[in-house]
Each structure stands twice: as C-alpha cells, then as structure tokens.
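You will see subunit A twice below: alongside subunit B first, and alongside subunit C after that.
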Partner chain A sequence: MVADRRDWTTVSFEEGREALKEWREEHARRSEEVVELWEHVLSRSPSSLADELCTVYEQVCIAALDCSRTDLAHECINALHKRFPGSSRVLRLQAMFYEARGQWKTADDIYEKLITADETNPAYRKRRVAMLLGQGKRLEGIKALVEHLESFITDSEAWLQLSELYLAESDYARAAHAMEEVLLTAPTNSIYLRRLADIRYTQGGQENVEVARAYYEQALKFSPVDLRALYGIVLSCNTLVATARVTPDKKREYMTAAAAALARIQERYESVEPEAANPEEHSNIMEAVRGMEIH
Partner chain B sequence: MPSSASGSAPATFLHKVIAAVSIAALVHAGYSAAQHRLYLRLTEQPFTALPADIVAQTLASLIFLCWAYTHVAGAFQPIRADIANGRRKWDDVGSCLSFATFEHRAKALSPTYAFDSGRSVSILLLLF
Partner chain C sequence: MTDLLLDPSIRTWVFLPIVIITFMIGVARHYVSLIITNKKRTKLEGVIDAAYLLRSRLLRENGRILPKNSYWMRKNSLVNDEHGYLSVAMNRAGRGGAPNPMDPETLTEMLKGNILNMVPMIFVGGWINWTFSGFVTTRVPFPLTLRFKPMLQRGIDLVSLDAAWVSSASWYFLCVFGLRSIYTLVLGEENVADQSKMMEDQMASPAGMAPPDPKAAFKNEWEALSMHSHHFAFN
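Right after this comes the complex of A and B.
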C-alpha cells in the first residue's frame, strides 16, 4: 500500500504528532499507521496534545473504523462526547461507527437528522453516498453523487470520486468529463493532468490519444520529474504513429517527441541510480527503455 | 504561468550598455535636481518646479532602464507547480477521504471484529 512503510512504534512523541498532522493536512489514508502511532506513542500522554487533542481523536477514530478497531473508535467517540456533548460532528462519527458495523439503517437515520439540522453542510451528504458505496450499490451511489454535485458544483473531491466510480463502470467518457471538472479547480496540478491523460489514453481512438499526449506534455511541463508522464508521451506517440490516418509530417513529429521523452527517461534513471551501482540491472532497464522506440 | 512577454529575446551586449547608461542618467538626473535646489537656495529664489530638461531626462532614462532591464533579467520562469505537487502521490491525492468506506479486508484482519460482530453493540450516547 505505502512504499515508505516504517516502524511507527518507536518514534518520539513530537515526531508522531508531526506525522499525524502531516497526514491530516494531506488527506492521506494511512489508517493502520495512524492507529499504530496512537496506540504506541501518542496515547501515553494525550493531554500533551493540548489544542490538537480533539482533532487527533477524530482522526484516530476514523482510522480505527477503517481498521475495524471498534474498541478504539468507541474510546475516541466517548472522549469526544464528554468534551462536546450534543455536537453534530461527534454525532457524525457515531453514524460512521454504525456504518462500519453494518448497521446501515441506524447510520442513515442519524445522517437524515444531521442533514435536516444543517442543510448546507456537504459532509453528511457525502457520507450518505459513501454508505451506498459501502453496501455495494455503485449505480445508486453515482446517482446520489450526481444529485449532490447539482447543489455543490465546486466540490472537487466529489468530482474526483465520481470520476473513479465511472472508471469502475468502464464509462471512460463520463469519467474524463468528471476529471476535467476536477482539473478546473487546479489547472496546474500535474497529477490531475496526468490522470486525465491516462483516462483519455485508455479510451483510445486517434483523437483521444492526441488529447492524452497534449495533457501528458502539460503535466510534464508543470512537473519535469514526472516519469509516468514521460512514459505516457512515449506510449501515446507510439500509438499515434501506428494509426492509419496520420500524415508523414505528423508521424515524424510523434517519433521525435517519443525519442526525446525516451532520452529523458534514460537520463532520469541515470540520475536516480547511476550505472556503477548495479551495472546489470542498469543495462536491463536501459535495454527495456530503448526497446520502446519505434524506428 | 509560462510567459514570454518582453523577455523573449536574449540579452545582448547592447541591452546591458543601455541599462548601464540609463542607470547613470537616472542618478545624474537626481543629482541635477539636488544641485538645482541648492542653487535656488543660495540665490534665495522660491522653488516652483524642476527645469524641463531634468524631468525629461528622468522619465526617458527610467523608461529605457525598464525596457533594457527586462532583457538583461532574461525570460520569465514558469511558476514551479511541481514544488507544491511533485512530492505528492496519487495514493494521497486520489484518496477521497470523505467517501471512504469501511467495507474491506480490514474486517478480516482486525483482532477485535470477529469477536465483536456477534454482539449488537450500540454506543449509548445518542442524544438528539
């Protein structure tokens, strides 16, 4: 799941606190690590967290639910409830607790009440969509999500989720449209650009692959170290060269672009792992990269 | 954003000379203005306005300096979006936490779930 997995049981208190904060801000889903960090490091002296304590409890509670650690989630909710009796944010955690236990009806009733009490808060509506997804009702989930987006059109996370759901349904055209909406909120985000390019490339057909190539180029411009975008350029250019309806001029252009991207890929491998470190593996990689070139 | 406004042409020797001369002219204009005020004070004349030649020299050297210096400074750099986003991974960017569901293998891996699932636990602090 995560490449840089490390042992979180032995870190210092301050380090653990920083890590939790970073994950909170990045919206990273590292539930197992959060639970581990809480149980081995932070729970030793919760009061040292001071102002942060309640946010950390909320984070740990959701992480615990994600790991099916009902006991821990229960403990967090109890602590938060003592601090904020009658808070709707704590109530939402409770509903999530029922969700995790599969008591859908109870959870739905709570969300219903929360939405009536605060109609402008998108978080509860999003949970209802998530509940449908949790029950495996993907099509209903899509329908609910589209409805949600009608009122909250700038919710980029919802658009992103919609795109993922359409991808799961193999509806590439709609997935691309949803991804375009995400891109509108952050036009210079190379990851979104690359994702959209991936979708267009998967969709296939000359026109779409041409668009995909343009998006890959743009993604590369904003993030010159993006190896996947480089590979994307090579693949889409190679595909375009192989299509029947392409003028010789264009063909030459695609081949030059692919060759340039391949040169950059080799350069990148060279800089990350120089030949001296592992000559055999290095030559294998270079061989494989060179093998992608069309002559 | 990438931009190639006035910085498209590379800086030449001429641009550097013009920039240097304009700086000198601008400093000179300032010095002239100070000298003029000193002269007025010594001859006890009231100050009304700066002579036209000093004003003209100031404006002309300023405009030339602006123009020449944009060439000396070189082309505009694109804003590095990768500093903000390059470090991030799709795992984090595409995780959509608000829509996270809990129906996955964690239930099988959890040490407590199998024990708990038989009981109908309800947390008794619902206070609507």
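Right after this comes the complex of A and C.
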C-alpha cells in the first residue's frame, strides 16, 4: 500500500485504474483520492473501463458522497440507473445519496423497502444504524444495532461498533461483552486484546484488573512493540499491588511483572530516542517512567 | 493390411455436425436454465440459525480466551435447558427438519432439473443415434485393445474393425463429456451447459441430494458445546 500522498491528477489511465481496483479490493477509504482520480484521469474515457465500469461508478459514487460531492454522485447514480433499472444495489446508492444530503426520512423509507425485499442482506440494516449514528441518535443506534445482532450474531464489525457506542455511553460491562464477541472471531488480534484489557481496567475491581493484566500480557505476546500494552501491565499490576486482598506471593509476582515491563519501556525509549539527542526530554521521560515503580 | 480411407463427406456431414450440435445444445441448455430456474431464496431463519451454529463453534474453539464468567454466560445462552438457543432449536418442530419432498416448490425445482438433464440426454442422444448411425467417423491416434470396442464403436458391430476407430454414436458421447473446457471458455465458469458435471454431482451424493438436516446439526453442536470444558488460557 502506498502510504505517501501522490498527485493523482497526473497518473496514466492504466495506473489509475489499477489503483482504484486495489483500493476497491482492500476496502480502503481513500475517498478524496478516488474522486480526484476519477475526475482527472478516468472520466476522460469511461467506456474503456469496459466490464469494470459499473463497479467503478459504484466506488466513485460512495467516495463522492464521502466528500459531499453530490453532483458527482448524482451523475454516477444516473449512469448506473440507466444500466440497471430497478436494481436494489443502485437503490441503496440512491438511499445513501439522500442520507448524505440529510434527507433522512426518504433514505429510511428506501432502506425499509430494501429490507422487506431482501431480509437476509445485513448491509441495509447496517446502513440504517449508520444513519441513526449520523444523526447523532446514539441510543436509538444502539437499539437498532442490537436488533441487527440478534439476527446476525457473528457480525464482528457490528459488535465492534456496538462496543464503541457503549463506551461512549460509559457502559463498560456491555462494552466489554461486545468486545469479547469481537475477540471470539479474531483471538489473536493484539489491538482487540488491548482494547478489551483497557475496558476491563477501566471497569475496575480486583477481578477485572487481573483479567485486564492477562489480556495486556497476551496482547504484548502478539505484538512485542506495543508500548501501550506495557504501560497497561504496569498500571494494572500497580493497582493490584495496592489492593487489600492479595496474598504476599501474588504481590511479589505483580511487582516483578511491573518492574519487568518498566524495564522494557525504558529500553524502548532508549532505542527510539537515544539520550544524546535530547538529554533534557530524555531524562524527564525516564524520570516519569521510574516514578511509576512501586517499592 | 491396407488402411481404411474415410469419405471426406463423412467429415463434413457427420463428424463436424455432431460437434456443432452438441456444443449448441450445451449453450442452449445454459440459457434455458438461466430462464427457468429461479434464484434460491434464503430465508432469514436459515441465516440466523447458521450464525448461531457458527458462534457456538467459535465459542468452543476460542472460548479459552474469555474469563470464566463471560464464557459461562455465553454457553448458558446457547445450551440452557429452557431457553438456550441451541436447545430450543434442537427440539423445534416445523421449520426445522428436512424439507418436505412433497412440497410443490421442491417438486417444481426437481422437475426443472430433470427436464434440463433428461431432455438433451434422451432425445438429442437418441436423435443423433438415429440420424447419424452407422458411420465410422474418426480414429484415435493410438492403438487400443479390443476391450475398448464397445465404448468407441457403439452402433457398429464389426469384428474385424480396429479398436482405434470411433463410431458416430460414440463420438457424440465423447463430445458431451469433452466439451467442458470449451464451455468454460465461452460461457464463463458458472455455466450449466456441461452435462457431465451434473452427472458427477449426482454420483457424489447417492442419497439424492438431501440437504443436511438442521435439527441434527443443532443436536451435534449442542452436544459438543455441552461437553466442552473451559479453562481461561491466560491465567
């Protein structure tokens, strides 16, 4: 994947086509670039895209809505509508178009119709949830999302979103539950592990913090450079040491674990920014890190 | 022994027409089937059931990454005697169970499949056999043993004819089975023109393509999950 921002207005036709294809396949959200590429390069001769044309129209349409270029989106929808009159996929784009213009009622009616026509397609229900969130109706969004998950219980994307929404509502127990569902489908994803650990740590209480520590350790195993997980270990161990109902054995174990993590944090700072580069800042960081240690 | 010489008009009026007719019929089959078979509509219940089965399997496989509480909560929601999803689905009558074979919808589907399968096989095969019978059309470029005679020389009972010669009826069957890659080339991957594939499908499932019984799947999953023991992996 190209990380730097290129000037997409001057690339060749073939190159632009390849780039669009790549983004489409990996579902990259590079809307501005897609629109740029379409307007400057590909729209010069749409017909030479042949079979790809319709999927490109769809991609450009969504990207255009993302950049609130409703004129361009309208163009794409019209072209697609001419080609596939009565297609539900085009209808969905149309609904998204109304969504982007803030005509929620119209969009919702279309989605309603689409869901009755094909109730097994999760995409329409998810669009509805997205629409509620777009209007800032978080609680209603949660309700709709839960309803969606009752039917499509293994939809980890939806669980992830639900977890985020519960976090925004500070409902940590439910957020943790949703995050656990996500984790069930991707048990080795260190970011999810760490997120769940964060939630558990925030929930507080000895049991939760113990679990949080376990998850931080695991996240670190899958991603050894995860500084945040290291800090998590230190913090949760420190919390546990301060808890009243901990046996001396356990206490010692937590202290060693915290010390080991701290050592690794220091090591990491040294390797990223050697002392010579900026002595003052370095010593400040080291001071702060050492300050976290419990004796 | 002098070699057999075939009349060039056999090539023009028997050999090539058989190839072309077989091919055209395959293409026609493809389009006719596109017209008369309607898309299978999946029911929402089916999707939900599949999702729950998948979740139960995931819980068994990855459950060890969850702490005890979370694991038991989920397990209970699936296998609880009174309202666990799997237990309920297991004992559910009606929409569970194998689809009724007398259901008119299933019957029409079967009929359509049969028409698509049998009509070309019987009528076209018979017609070709009748119209082009008795010709020696071509020869395979390698020697064969006598045992191949009934396969390659259907319709010609000549004891002295070398086994490498192919009769018109046999040539038809060779075309039926050998045109698959050409269909793929012309019609794309997902075509139904090829009869041999359909036959293979039928051979593969001798029970007559009965779809798996959802009730049994739930029962298996219920048993597996009930037996599953849990250890938190990160302790």
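In this section, the second predicted complex is superposed on the first by the 207 of 295 C-alpha atoms of A that agree within 3 Å, B and C clash if a C-alpha of one lies under 4 Å from a C-alpha of the other, contacts with A are read in each partner's own complex, and residues count from 1 in each chain.
The working rule: a residue touches a chain if its C-beta (ideal position, glycine included) is under 8 Å from a C-beta of that chain, and two chains touch if they have at least 3 such contacts.
Computed from a predicted model, the values in this text were never measured in an experiment.
Contacts of A:151 after superposition: subunit C is touched, whereas subunit B is not reached. In the superposition on chain A, no contact is made by A:172 with either subunit B or subunit C. In the overlay built on the shared chain, the residue A:86 is in contact with subunit B alone; subunit C does not reach it. By the touch criterion defined above, A:183 lies against subunit C but remains apart from subunit B after alignment on the C-alpha atoms of chain A. Within the superposed three-chain model, A:119 lies in touch with subunit C and out of touch with subunit B [touch as defined at top]. Judged by the touch definition given at the top, the superposed model places A:269 against neither subunit B nor subunit C.
Once the two complexes are laid over each other on the shared chain, residue contacts for A:224 go to subunit B alone; subunit C is not touched. Looking at the shared chain after the overlay, A:104 reaches neither subunit B nor subunit C. Greater residue coverage of subunit A by touch, when subunit B is weighed against subunit C, goes to B. Counting contacts as defined above, no subunit A residue meets subunit B in one complex and subunit C in the other.
Across the complex, subunit C meets subunit A through its residues 42-44, 46-48, 51-52, 54-55, 58-59, 62-63, 65-67, 70, 73, 232, 234-235. Only residues 1-2, 26-29, 31, 62, 65-71, 74, 77-78, 81, 85-86, 91, 94, 96-97, 99-101, 103, 106, 110, 113, 123, 126-127, 129-131, 133-136, 157-158, 160-161, 164, 188-192, 195, 221-226 of subunit A touch subunit B when the two sit together in their complex.
If you check the complex, the residues on subunit A that touch subunit C are 119-120, 151-155, 176-177, 180, 183-185, 187, 211, 214-215, 217-218. Those residues of subunit B lying in contact with subunit A across their complex are 1-2, 78-79, 81-82, 85-86, 88, 90-103, 106-107, 109-113, 116-117, 121-123, 125-128.
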